[in-house]
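Each structure below appears as C-alpha cells.
One chain, chain A, links the two complexes that follow: it is found with chain B in the first and with chain C in the second.
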Partner chain A sequence: MKIDTIDTTKLDKVAEVMGGVAERRRAQGEAMYYDLLANCFRKVQRVKEEGKYLVAHTIFIPTEFLFAMDIVPFYLEGMCEIMARVHGLEESFSAAKSKGFASELCSGHRLVDAMAIQGWMPRPDAFVWSNLVCDLTTKTGDFLEKLYDRPGFYLDRPYKNTEEGMQYYIRELEELVHFLENLTGRKMDWDRLSEVMEDTRRSTEVFREICELRKAVPSPMRNQHMIEMIMTQILMSGSPELVTFYEAIRDQVKEAVEKGEGIVPEERYRLLTLFYYPAYLWKLLNAMQTEYGAVIVAEPHLSVWAEGEIDPAKPLESLARKAFALYDTGPLQPFVDRVLRQAEEYKADGTIYWAHIGCRQTCATIRIIKEVLMEKVGIPTLVIDCDLGDPTYASGESMKDKLEEFFELLDERK
Partner chain B sequence: MLVAGLDMGSLTTKVVILEDNQVLSWRVKTAADEGEVQARRAIEDALKDTGFALQDIGYIVATGAGRKSVSFAHKQRAIGSCLAKGVNRLFPSVRTVIDVGAETCNVVRVNDKGALDDSMGNERCASGTGVFLEAMATRLLHMSLEEMAQRSLLAEGVAEISNMCAIFAEQEVISHVHREPPTPMNDIIAGIHASMATRVGGLAKRVGIKEDVAFTGGVAKNVGFARTLKESLGVELTIPEEPQLIAALGAACVARDESAKKS
Partner chain C sequence: MADTLETLGEIREINASFPYTAPIRAWKEQGKKVIGFQCAYTPEEIIYAAGALPTRLTGDTRELELEDANAYMYVNTCSFIRTCLEQVLDRQYDFLDGFVSGATCDCSRRLADVWLHYEFTPFVHVLTVPRKRIDRGYELYEAEIRHFQRSLEEFFGVEITDEGLWHAIKVYNRRRELLRKLNELRKLDAPPITGAEMMEVLNASSRMPPDQFNQVLERLVEEASSRKRAVKGKFRLMVNGSALNNPDFIKAIEELGGLVVIDELCTGIRYWWEGVDPDPDPIKALCRRYLHNFPCPRMEPTEDRAQRILKISRDYRIDGVVTQMVRYCVPWTMEQPLQRMTLEEVGIPTLELDLEYGTPGTGPIRTRVQAFLEMLEARAVK
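This part shows the complex of A and B:
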C-alpha cells in the first residue's frame, strides 16, 4: 500500500479551525496556546511555498535539530489527533480499522495511521521516530516510512541511563544530524544550534519555576495548563515562542502565589494525576476545578521535562540527558520514587490514574504505584479505565461518576 | 428522627427508612416508572402502615445509577460509600464488599473506621452482572433463576464457558446443549456460574480482597452462584439476610449522619 495523493484541504481546515478557536478565546486571555497550535499548522501549510523541508516526527524527538536547520516539524501523534478531532474521530478510527489496526491498539497511533491511510497527513520529506515512548511508536515509524515511500531515521534510546547508554545515545543523535544533513544537502550550523539550545535552556528553567510555584497552597494553576505545556514542549522545544508561552504561564502563576490566591475559590482536593488525560476531555478537567474544587497539583509523568542540565555549548549531551529523564521508557523504580516525592512535596490528597486501555506498559504499573502510594504516603488512587483518544470507550459522564465517588472517599478521609 | 435511603437501581428501587437509627421499614420495588416517580412511589409504599408520610422524613439520601433523577433527595451519594456504610452497620468486621446487581458489579474496600477505602465497578460488560444470569436462565435454558441456582448445586462437573463476553457465552451454552452427547444441564449451569465468578473475582482482585468479605446485591440471593464465587475466591462470604438492601441501608445511615450534623 502506498499513498499517492494527499488531500491538503484537511490540513488547511485544521489551521483555520485552530485560528478560529484562538480568536474565540482571546477575550478570556486564553488564546496563546491556540495561536501556537494554529501557527504550527500554518507553517506546515506553507512549507513548499517557502522552499523548506518538512520532517514528520514522533513524540520527544529533538525539534531543536529541526529548528537549527530551518526544517518544519510535523509532530505526528499530537497533530494527527487534532486533525482527527476536527474531521471526525469515528471516521478516522474506522479508516484505521479497515486497514487492520485493531481497536485494542493505542488510539494515539491509530489516529496517526488513520491520517496517513486516508492521505490527510501532509507528505513529509522524511520521518524521524524512536522507541520513546513505546514499541508501537517504533512500528508506527516503520509503517509510515513504507506507506509514504520517504526516507526515515530511527532514534534508539537505551533502556537504562548508564554512561555507556548515554554515549550510545549521543552517537545516535550525531547520526540523526548526519541524516538531516543528507536530506537537506546542508550542514548543521552548530552555532545556530547553540542559540536554539539557549531557548531550550531558558524554557526548561521557566518550566522548573512553574513546577516549584505549583507547590503552593492553594494551587495557583489551571488543571489543563500542564497538558498545554507538554504539547507545546513536544511541538516546539528550542523555539522562542515556547519560552514566551511558558513565561506567560509562569507570570500568571507567580502572581497568584504572591497574592495567596488559588485557581478555585474553595480548594477541596489536591490531586496527582498519572499518565495522560483523555485528549477529548479537557472540559472534565475544568469541571473538576469549577464543580468540585479539585485541582491537579502535579503530573509525575509529564513534569519530567524539567530535569537534566541544558548546556547550549554541549547540545548533544544536553539533549541526551533530557531524553534519559523520561520515565515512560526505562526502569520503573526511579519513576516510583518521583511519584512518592511529588505526592509529599505537592501535598496531594489523592491520585487519579488515567488508565489508557491501549497502553500496556503504563497499565502494568498501576497496581504497584497504587499500593506504594497508599503504603508510603497514605493517599488513595482512583483508576479510571479510559482511552487516550477514543471517546467511545468511556464517556465523560461515567468518568465524572467515578470522580464523584472518589471525592466522597477523600471527604471521608479528612 | 425519620431518615431514608434510596437505592435507584436499573431493575429495582430499594428503600430503607430509619427511625431513631432503627430500621422502621424497607421495600424493594421493580422499576416500572421514571426515576422521580419511582422513587416517590417506593418511599410511599415503604411508609404504608407506619403512620408517617413523605414529608415526615427529615433527610433523604439517594444512591445508585438513577440517583440524580431524585430531585427531592437532600443529598446524592455514589454507591461505593453507601455499600461501605451499609455493610459496616451490619458486619463491622467486613473489609471487602462484592456487590452484584442487575446491571452492575461493584467491589468496595472498607477501612477499619467503616468508611470507603477503594472501589471499582464493572466496565462495559454485562457478563459479571445479574442480567447475564437472567438471560441464561430465561432465554437459553427456559427455567427460573431459582431452579437454575438449585440445579447448579447438583452439578458433577463444570462445563467450560467463556468468561470474556456474555454474547459468546450464550453461543457456547447453545453448543453445549446441542452437542452429542449433550453436556449435562447441571454442569452447564455450573459452568455459567464459574464463568461469571471468574469475571467478578477478577474485579475483586483488582481492588484487592481483604477478609472478611461480604457478598451483596440481588445476585447474592442466588445460592448456586454464591457457592461458586466462594470457591473461586477461596474465602468465606458473609451474605446479609436481605442482600439487595445494603446500599439503601448505607444511604439511610448517611442520611442519619447528615441530619445529625444539621441539628
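This part shows the complex of A and C:
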C-alpha cells in the first residue's frame, strides 16, 4: 500500500478553522494559542511554494534542529488529532480500523495512521520518530515511512540515564543532524543552532518561572494553560514565538500573584493532575474552576521536560538532558519522587490521574503513585478512566460525576 | 507410525509442576539461587555463570483470572505481563532470589518498576537494550551487560569468570543447536513432532537447569530423527504474534487440520534462533548474540523483520499464518498491518486473532481457525 494522492484541501480547512477560532477568542484575550496553532498549519500549507522541506515527527523530537535548518515541522500526534477533529473522528477511527489498527491502540496514534491512510496528511520529505515516549511512538515511523515511501530516522533514547547512555544519545542526535543534512543537501549552521537553543533556554526559564509562581495560594493560572504550554512546547521548541507565548502567560500569572488574586474567586481544592487531559474536556476543566473552585496547581508529568539544563553553547548535550528528563522512557522512581515533592511544594489537596486507556506505560503504575501519595503526603487520588482522543470511551458527564464525588471526599477530609 | 515421542513424557513431567518444577526444586535444595527473567533480551548465560539458575516467567496451560494483578497494574497492561504478576502475587514464584528484565516493551519495563517498588525479590536488575544494531548500540549494550555482571557479583558474592561464561555459553549454545536440529525436522512434509508438542519442549527449556535439559533434548532429537513418527496436516502453518506458552492453543489449531511447522514468537524461535559466536571476550560475544538475534517487533524496524519472516515462510513452505495478538501488546498490534500486507504480497494469508494470553483456543477462536482452514482449502482447489 502506498499513498499516491494527497487531499490538500483537508489541511487548508484546518488552517482556516484554527484561524477562525483565534478570531472568535480574540475579544476574550485567548487568541494567542490558536494563532500559534493556525500558523503551524499555514507553514505546512506553504512549504512547497516556499521551497522548504517538511519533516513529520513524533512527540519530543528536537524541533530545534528543524528550525535551525529552516525545515518545517509537522508534529504527527498533535496535528493529526486536530485534523481529525475538524474532519470527523468517527470516519478517521474507521479508516485506521480498516487497515487493522486495533481499537486498543492509543487513539492519538490511530488518528495519525488514519490521516495517512486517508491521504489527508501532507506528504513530508522525511519522518523522524523515537521511543520518546512509548512503544507506539517507536513503531509509528515504520508504517508511515513505507506508506509514504519517504526516508526516516529513528532516534533511540536509552532507558537509563548513565554516562554511556548519555553518550549514546548524543551520538544519536549527531546522526539525526547528518540525516537532515543529507535530506536537504545543506550543512547544519551550528551558530544558528546556538541561537535557536537560546530561545529554548529562554522558554525553559520562563516555563520554570511560571511553575514557581503557581505555588502561590490562591492559584494564579487557568486550568487549561498547561495543556496549551505543553502542546506548543512540542510543536515549536526553539522558536521565538514560543518564548513570547510563555512570557505572555508568565506576565498574566505574575500580575495575579502580585495582586494576590486567584484564578477563581473562592479556591476550594488545589489539585495535582497526572498525564494529559483529554482535549475534548476543556469545558470540564473550566467547570472545575468556575463551578467547584477546583484549581490545578501542578502537572508533574507535563512539566518534567523542563528539568533538563539548557546551554546554548552545547546544543547536543542540552537536548540530551531534556530527553533524559522525560520519565516515560525510563525508570519510574525519579518520577515518583517528583510527584511527592510537587504535592508538598504546591500544597495539593488531592490528585487526579487521567488514565488514558491507550497509554500503557503511564497507567501501569497508577497504583504505586496513588499509594505513595496517600502514605507519604496524605492526599487521595482520583483515577478517571478516559481516552485522550476518543470522546465515546467515557462521557464528560460520568467524569463530572466522579469529580463531584471526589470533591465531596476532599470536603470531608477538611 | 509411533503414536508419540516417548521423551515427551519427560518433558510433560517437568512442565507438570510449573512454575516450581521438580528440577528447580532440586536445584534450590542444593542451596543454589534461582533468578527469574522476563524478556528474551536477558543474557541467561551471565546468570548461569554466576552459579544461579535463570528461569523465564511465563504462564502455562490456562488463562488465569487476573484479579490480583489487575489491582497492581492497570487493565491496559498486556495479559502476558499481568499473568506473570498474578502468579508472583499468588506466591507461586516465592522460590525466586532475583528478577531481571530488559527495558524493551512498555509493559515489560513497567513490570520491573512494580517489582522493584514492592520488592518481590531482594535482587532486581533492568537492562537498557538499545534498539539499534550498530557499533554504538553494541557498545552501550556491552556497558549494560558488564554492569549487570558486576551487580550479580556484588549482590550474590560470587565471581563470574571468563571460564564460567564460556562454559555457560557452551551449554546454551548446545541447547540452541539441538533446538535447531529439531526444527529442521519440521521442514519435512510429515514432521515427527507437532507444533503443540514443540511448545511443550520450549516451555520446559527454561524450567530446569540447561545441562539437564540438553540431555533430554538429545534424546528427543535422536528419537524424532529416527523417522518412526510422521505427523500429517492439511496445511502448513506458522504461528506468530505476542508471547504464547499454552500448547493447547496450538493443539486446537492442529486438531482442526492445520499443522504448525514453525513459529515466530519470543517464547519460540526468537528465544533460541541464533547462537553465540566465538570471540576472545565472552561478554562481547554475548552482546553480539543478544542484539543480533531474531528481534522482537519492539526492537527492530518492521521491514527487516518482514524479510526474516518471509525467509522462514519459504524455508518451511508455509500455507498460512495464524497471528495471535494479545490485547494491549502494542508492538505487535502496530506492526501487524504491515506484516500482513507483506505476507499477502507473496500469497500467504494471515488469520489475526485478538485474544488474551493463555487462552486455549476454544469457542470463537476455534470457529475462526476452522473458517481460515476452509479458506485455505478453497484456495488450494482453485
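Going forward, the second predicted complex is superposed on the first by the 414 of 414 C-alpha atoms of A that agree within 3 Å, B and C clash if a C-alpha of one lies under 4 Å from a C-alpha of the other, contacts with A are read in each partner's own complex, and residues count from 1 in each chain.
Basically, a residue touches a chain if its C-beta (ideal position, glycine included) is under 8 Å from a C-beta of that chain, and two chains touch if they have at least 3 such contacts.
Owing to the predicted nature of the structure, the values given are computational and were not obtained by experimental measurement.
J.: Output check: A:105 vs chain B and chain C. Expected answer is one of first, second, both, neither. What do you get?
T.: second
J.: Identify the partner contact of A:189: answer first if only chain B is touched, second if only chain C is, both if each is, neither if none is.
T.: In the superposition, A:189 touches no partner, neither chain B nor chain C.
J.: Looking at A:333, would you say it contacts chain B, chain C, both, or neither? Reply first, second, both or neither.
T.: second
J.: Should A:380 be classified as contacting the first partner (chain B), the second (chain C), both, or neither?
T.: first
J.: First (chain B), second (chain C), both or neither: which does A:413 touch?
T.: First partner only.
J.: With the two structures laid over each other on chain A, which partner does A:405 touch: chain B (first), chain C (second), both, or neither?
T.: A:405 contacts chain B only, not chain C.
J.: See if chain A has more residues touched by chain B or by chain C, and give me that chain.
T.: Of chain B and chain C, more residues of chain A lie in contact with C.
J.: Name the contact category of A:91: first (chain B only), second (chain C only), both, or neither.
T.: In the superposed model, A:91 contacts neither chain B nor chain C.
J.: By the touch definition above, which chain A residues appear in both interfaces, chain B in one complex and chain C in the other?
T.: 367
J.: Along chain B, where are the residues that touch chain A in the complex?
T.: 77-81, 115-121, 123-124, 206
J.: Which positions of chain A touch chain C when the two form their complex?
T.: That would be residues 1, 99-102, 104-106, 109, 131, 134-136, 138-140, 142-143, 146, 154, 156, 158-160, 162, 164-165, 168, 171-172, 331-333, 355, 357-361, 363-368 of chain A.
J.: In the complex, go through chain A and note every residue touching chain B.
T.: The contact residues of chain A facing chain B are 367, 380, 383, 385, 393-394, 401-402, 404-405, 408-409, 412-413.
J.: Which positions of chain C touch chain A when the two form their complex?
T.: Listed in rising order, the residues are 71-74, 76-78, 103, 105-107, 109-114, 116-117, 126-132, 136-137, 139-140, 143-144, 147, 297-298, 301-303, 325, 327-328, 330-331, 333-338, 340-341, 352, 354.
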